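Look at the two complexes coming up: subunit A is in both, with subunit B in one and subunit C in the other.
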Partner chain A sequence: MKIDRERLEMLKEIMAVDFSSIELNLYLDTHPMDQKALAIHNDYAIKLMKLKEEYQKKYAPLTHEIISKCPWEWIEEPWPWEIDYEMGGR
Partner chain B sequence: MWIYEKKLQYPAWVEGCDLRIAKGLFAQYGGPDSELSAGIRYLSQRYTMPVKEVKAVLTDIGTEEMAHWEIIATLIYKIIDRADPEEMKKAGLDAQYIQHGHDVYPHDAAGVPWTAAYIQAIEDPVTNLTEDMAAEQKARTTYEHLINLTDDRGVIETLSFLREREVVHFQRFGESLRMVQEYMDKKKY
Partner chain C sequence: MNKYQYDHNYNAEMLVSPEFKIPVMPKEFELATAYVPYQVMNKIYEPMKALMKGTIFPELYRPYVKKKHDR
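Up next is the complex of A and B:
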């Protein structure tokens, strides 16, 4: 399913930033004293929070933890497996 | 607990309709060295893990494997969704179609259903982590075999991302094993 170009770009950015956060999360699990990695992680955490807030305000919920209009917005398509990501990570 | 986020970890895409590779991708969906085996294995092993850093590693990598399981399902779904019964038959997916239609059921590339017998959780943290490291290497090799069997750029890119994750997880489990060994050395046996 095709989605709006701007929405797709923003969703991909969230996916990319979230991935960076996951990668730093794993690294920090075994390097909890690495201050440089921790600082990068915290920068991404702030960036991710802002991006998710903006995306959910503009487009659609990412989790059920949202304040929804009626009807319940969570059920709206597309689901992640249905989206046409158009050349993936590019 | 877990919370579902309406996004994938990687923007999985397919270029064409390589049904043969869809059949092969089931290896990573419901095979012995699949993302499913990995996730269930790590999440089962974390309860008795004595080292806090490694409790985090097992929880976080176990959770990431579930996201990878979803990526594999997405690739299969995107390829087989529009295939008709005749096309599926030609690609060797007739048994899949007869038993599961276009659903993504956890079986391996040969149709063998997933079983918990593929994995172990045996309490000893050295034993468990050694299995986990082997599992990451087996999954990496499986990804390489899959990449060797397709020309679809989308499938190759998506699998290359997943392959890299196996390498990173292997690294984190290696560090975890060292931490567990240091912890064990402090104890008197």
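Up next is the complex of A and C:
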């Protein structure tokens, strides 16, 4: 399924920052006093919120938690497994 | 003292076949005690690289690399 390069890059960025945020979450679970990790996590949280907001405004919903226009936007194309993530090369 | 002191002067060759050696661990590693060293965050990969490597921590990046002599 082809989506334009810019949308794919933003989606990959969201995936990367989301992944890193979860990694920090796991680390902070056992190192709650690590202020450096906490600062980075909060940075990523802000960045993630902005990226997701922008992506969803510009393209399509990432989760079902949306105020959708009619028809219901959640079933809009493409589904995640239909996207060719390698289009832009590794 | 731990009465099951790990006896270090056994003859490894005698116990095993040639191609399989028992690694001798330092004395302080006691039998049947699991160790997870406490991790302290140092450097982390930037997000895109972390996603590709599967971790943000370089110290935890340990891909399975097939060694030459693996059958």
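As a working rule, the second predicted complex is superposed on the first by the 86 of 90 C-alpha atoms of A that agree within 3 Å, B and C clash if a C-alpha of one lies under 4 Å from a C-alpha of the other, contacts with A are read in each partner's own complex, and residues count from 1 in each chain.
Going forward, a residue touches a chain if its C-beta (ideal position, glycine included) is under 8 Å from a C-beta of that chain, and two chains touch if they have at least 3 such contacts.
Computed from a prediction, not measured in an experiment: that's the story for all the values here.
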Next on the checklist: According to the stated criteria, A:Lys36 is in contact with first (subunit B), second (subunit C), both, or neither; which is it?
Outcome noted: second
Item to check | Touch count on subunit A, higher of subunit B and subunit C | outcome: B
Item to check | subunit B versus subunit C as contact partner of A:Ser20, first or second or both or neither | outcome: second
Next on the checklist: Let me test your reading of the model: by the given contact rule, A:Met87 touches which partner, first (subunit B), second (subunit C), both or neither?
Outcome noted: first
Next on the checklist: Quick check on the superposed pair: does A:Lys12 touch subunit B, subunit C, both, or neither? Answer first, second, both or neither.
Outcome noted: both
Item to check | On subunit A, the residue positions that both subunit B and subunit C contact, one per complex | outcome: 12, 15, 19, 23, 27, 31
Checklist entry - Which residues of subunit A touch subunit C in their complex? => result 12-13, 15-17, 19-20, 23-24, 27, 31, 34, 36-37, 40, 44, 90
Checklist outcome for this item: Within their complex, subunit A touches subunit B through residues 11-12, 14-15, 18-19, 22-23, 25-27, 29-32, 60-65, 79-81, 83-89
Next on the checklist: Help me check something: in the complex, which residues belonging to subunit B touch subunit A?
Outcome noted: 3-13, 53-54, 56-57, 60-61, 64, 70, 73-74, 77-78, 154, 157-158, 161, 168-169, 172, 175-176, 179
Next on the checklist: Please output the residues of subunit C touching subunit A within their complex, sorted ascending.
Outcome noted: 39-41, 44-45, 47-48, 50-52, 55-57
